[in-house]
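The chains carry the letters A, B, C, D and E, assigned in the order they are written, with residues numbered from 1 in each.
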């Protein structure tokens, strides 16, 4: 076994093949077979992810040349600690979402047929992006991800969902175009597309800067950074809960992931102090604006969706905190940023699942609909609460650990203004999260309208929330995983 | 000279597309633009792209747009196509565009210093790829990963289309054009198109052409059939149709995994049989892609039928 | 040699001229049937002339056959298209007198 | 045995954590099971704490430690000071639970209440055992979170408003504390609490930074300790059910703030360093102001619970005052008051709850003649109130005695004045109550009388205040014995002043 | 200056035009047209620029072929959504763009379509 892990072929392609196979099968098989296929596929993908983890533990970072064609001609997959973290995260969250969806979709018989293939495509696309080291391949991956996500949002065919998905699609398309143009410039000037190879030859030129700027713009649009965020809240709020969880938890992170690879890996020398500060400022603006808008929402899912805008803003603080701030501050910010991503992914997915359950249970999508929910204390409410703890960055949660690291980094690098952003952002998130909690304690006039959601719905939300919480206590391992991928500093 | 002229025409036609008063005119201009693009690809010595652009970019996209247009009224009064809500936004957009234009100009005119000579690499390895035509080699050997995912992209679009199709109204109930002359013409045009498609598929391994172009021709054939009101073979077997839709991706995956299962790399073709494998993949792709492209057209939600106009209660005046 | 070149130039030029005229016709003629007239007749003639002008220059005979085939196809297609368009026109004119331009 | 030393502090936490988990899982109507679990957990916890207590007094070390992030450890350690606080909370938790079971009998949402109640105690014990600032911060915030549902338990507008206010104050304080901890951490690394502080190495160039950090830390903690002007939440939070008030005022929240101040002064900075940096005097002045202001406000209140609340504001600052007096006597006074005030205040709140629950009494004027109707409750109330004033032989006297001695030792004579003034005011706001209870005749009907059993009220409600009242009496009477709170505090103090 | 440069520049111009149109237009199909124009511009830049440097290059051609197929998929996907949207609302633009107040009046339509929890 051990020798197979060290010497056997890498299992990376399976992480994409399996979801693709799943989608093919679920498109051709009948309705009755879907649960079986889904279970098998999720099981196999989880297994593959675990084996990939074991392989990585044995042999460390490695590349996988597809079709045995070497770079620059071919495309290669790249596995490092960061990619592995996201793979694990994706597998974990998506399988819980699958579990949730399996039960939840019984309410939506029509959407059910095409939900599974789209979900599988989405999964495949995410894995493609985490593993990809090729600029154009990332374009295809982004499109695959964007289309399947748009499809998932539109699945209910409701008016709101359609408007939201159209908005989402157009934003995604615009973002992809900007990315594609950047790729075109880079290929024209550099003659290659592999990120790691480009890192060696990337020079400070007009075309290089223009390409980076374009790609950054596209990615910012795709990750809904302020002020390009307006497409996100309706899309995430109007989708089915498992879809929202997936989108907010994982899909929105893909663009950020690429952004980091781009700047910190491909062109670290091109990131000037002011550019990094600008990115950070956008993040800060998102934190405030998203938080403020979340406070103003009356619909539960809209509130959660705006909170995503705010939380994604924190991620952008990674750039100012890693640019020219010294080794220790860079390390802290790097770990803090990715830990923030991880904990937000878990917490937000939990929160959307829980919110969906609560809406289902209470029969109303708005905040006053929650009146009296505290009486029944469904696990979903508990899940929502625990996820909220992580989002607020209160201990003991992953969110707290992440913010702690970011704060430390800011303090160490003397950029005290980010401390203010982090602290006041946390306060702002406390406001909107307690706004929800508070509703649950109000006694309702009609206590009997509560409808207990199925246990699996409740538990899937709770499980993710507990994971987000546990990340606060067990963050040493993820932290180590992240630290192995520190660009430049790993060696 | 001709290049300058053509290059100058392109933005002008594009401007026409954007500024056309009527949407229909804009779409027609767009199709013309697509055909111009095909010419441009010829001038850029990319005949594959010319074929694809004409068939897919102009042809299929045009048909899709026209078809959609037929089902949409125009709530906006014609004229003022560039009407936007905020004048500020307009100014902002123009300033942004200007800035981007300058940057782009700078980037495009900068001297090129490629660090890698990829065409040389392609020429070096084409022998090993199993095909003689470089574009096909890139698509199905060197960067087969992209192509695989690209097929998935189309499939996603089709799946979304299927998911959003109205179940209650059968699209076939629509009035379709039919005439004896058309039927007669089709009866010898269709086989010809099939022949052309197969020819394109076959030629792809050593000259311009390949799965995508062939599929586009085949899809056009299917669209023609559909428009002429004929039943498609297998139309009443949804499972068969779906199998056809996923067949390309499935075959690609399976053949790509052959080496993987024997301990090799994913998407690596067996050394001696590379050409055959690629041809197999291409054949499967052609048929499947044809169905997919056709399904893009077909899967669109059927329109409201005559007498049942869409609810117009909240239509802005 | 000279003569052939001259002839080819003449053919190509007149072909282009026919196209120009046909295009003018599409733009200027008042109603659909007359526009179709311009399209089907004049443009096909122009295409024919251009094909004829190009024929002497080809090196392999299959190419020549292909060009002629293309011409024939274009003629057939335009005839059919014209026929269909006119039918649709006739179908729609009496019922909706120009007010329903959206269908 | 080594394993047990590692696991014991966690185990103490887990008794209430586990209880919380089970209670959340149980059905709302299964109150018998719920009560059994609550009481069993409370009992087990007390036993475990006693075990630790004995061990610590014999010099054993119980420590749980693992790494959270590089450079940051999660540390639970039972030292003398922590065990002192843990002992108080676990003891009072038992009585508060008993009381709460009786108090909430038949009301809705009990599952939620007791679940969070247990969580709350778990976090309090976490605070007690926290071995470094970071761990302390974790449980400090957790305490905020787990008390919020209790404060808003009734779900009325008033409760929600109080909850909001509570959050604004405590989360704001949490943020300030976080800033302080963060700064300290970046300056001095992972600071485990140690009896003598460990910042000496940083002097003198970091002196002013250390002062700023001190301000942040104390500022954050002062919110929970309800020091003026950060006390606004406490009187508002009185809308919560009586057991919650007991919890807030005596067992957990306010005490956590005060305990945090103790930790910072003694175990982070070290009393000597704090003294050298001149940090003690400002702290003492702030405490003195709070004491006087709280008493003044208490005098003006007509609502019993609000009067008690302002009394808490005043009394808790005795602890801070004691800390700020450099010298063992002052320390003893402050720390012992932490225990004594808990016992006495919890008694008072139990009694106030009994009056409200049984007779519907909320205002002071309504108390007339209550002594005859509810003799047991009134007896307990009297003991608590007299103790608060500082009358011997009740526990409160001991605290004030040591505080006064400490003030003299520390050459801060003005403190004496504060103590005297405050005691006078204590008398001023408690004696009228006692007078009304015992000596005024009943006027008309009780506002809302319920007959619960053949005693004053139901036994669930009666026994806890009687026990805590007798405990506060005993703590005063037997102060000189080896098992009194005073004795333990003296042990703690000798360790703090050891070097 | 070679054959490819004019096309590269034309590609740049197309991108600018298309982007401006994409931002300013409100009609969804017009925006789709603008998207396609921008896409074509990108393709031109990709091929043109690469071939300026290294002569005829199969790689960008293959990439553009992929891009064309992706673009047509995008167009089809968008059209599906537009049609469905139009069918439900009679609108050809997004509500926020056309009439901001439409949003508010839109809420009661929540459970209108199929599949609402029963």
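Convention: contacts are C-beta pairs under 8 Å (C-beta built on N, C-alpha and C of every residue); 3 or more make two chains touch, one makes a residue touch a chain.
All values derive from a computational prediction rather than experimental measurement.
Trainee: Which contact partners do chain C and chain D have in common?
Mentor: none
Trainee: Quick check for the class: compute each chain's Cα centroid; which one is farthest from the centroid of chain B?
Mentor: D
Trainee: So using the touch definition from the top, which pair is joined by more C-beta contacts, A-D or B-C?
Mentor: Top pair by contacting C-beta pairs is A-D.
Trainee: Going by average Cα coordinates, which chain is farthest removed from chain C?
Mentor: Most remote chain from chain C, centroid-wise, comes out as D.
Trainee: What chain sits nearest the middle when you go by CA atom centres?
Mentor: A
Trainee: Where the centres are mean C-alpha positions, what is the separation of chain A from chain D, in Å?
Mentor: Those two chain centres are 43 Å apart.
Trainee: Just the number, please: Cα centre separation of chain B and chain C in whole Å.
Mentor: 26
Trainee: Suppose each chain is reduced to the average of its Cα coordinates; what separation in Å results between chain B and chain E?
Mentor: 13
Trainee: Rounded to the nearest whole Å, what is the centre-to-centre distance of chain C and chain E, using the mean of the C-alpha atoms as each centre?
Mentor: Spacing between the chain centres: roughly 32 Å.
Trainee: Which residues belonging to chain E are in contact with no fewer than two other chains?
Mentor: 8, 15, 18-19, 43, 45, 48-49, 52-54, 59, 63, 66, 70, 73-74, 77, 81-82, 84, 88-89, 106, in rising order.
Trainee: Counting only residues that touch at least 2 other chains, which ones in chain D make the list?
Mentor: none
Trainee: Would you pick out the residues of chain B that each touch at least 2 other chains?
Mentor: 72-74, 104, 108, 112, 114, 117-118, 122, 142-143, 146, 150, 153, 156-157, 160, 164
Trainee: Can you give me every chain pair that touches, using the contact definition above?
Mentor: A-B, A-D, A-E, B-C, B-E
Trainee: Along chain C, where are the residues that touch chain B in the complex?
Mentor: Against chain B, chain C makes touches at 76, 80, 83-84, 87-88, 102-103.
Trainee: Using the touch rule from the top, collect the residues of chain B that touch chain E in their complex.
Mentor: 3-4, 6-8, 10-11, 14-15, 17-18, 23, 26-27, 30, 33, 37, 40-41, 43-46, 48-49, 52-53, 56-57, 60-61, 64-65, 68-69, 71-76, 81-85, 89-90, 93-94, 96-97, 100-101, 104-105, 108, 112, 114, 117-119, 122, 134-135, 137-139, 142-143, 146-147, 150, 153-154, 156-158, 160-161, 164, 166, 212, 293, 296-297, 299-301, 303-304, 310-316
Trainee: Quick check: in the complex, which residue numbers of chain B touch chain A?
Mentor: 103-104, 106-108, 110, 112-118, 121-122, 125, 141-146, 148-150, 152-153, 155-157, 159-160, 162-164, 167, 239, 242-243, 245-246, 249-250, 253, 257, 260, 263-269
Trainee: Quick check on the complex: what are the chain A residues that touch chain E?
Mentor: For chain A paired with chain E, touching residues are 107-111, 136, 139-140, 143, 147, 150-151, 154, 156-160, 162-163, 165-167, 169-170, 173-174, 177, 180-181, 183-185, 187-189, 191, 360, 363, 365.
Trainee: Could you pull out which chain E residues touch chain A in their complex?
Mentor: 8, 15, 18-19, 22, 28, 31, 35, 38-39, 41-43, 45-46, 48-50, 52-54, 59-60, 63, 66-67, 70, 73-74, 77-78, 81-82, 84-85, 88-89, 94-96, 106, 109-110, 112-118
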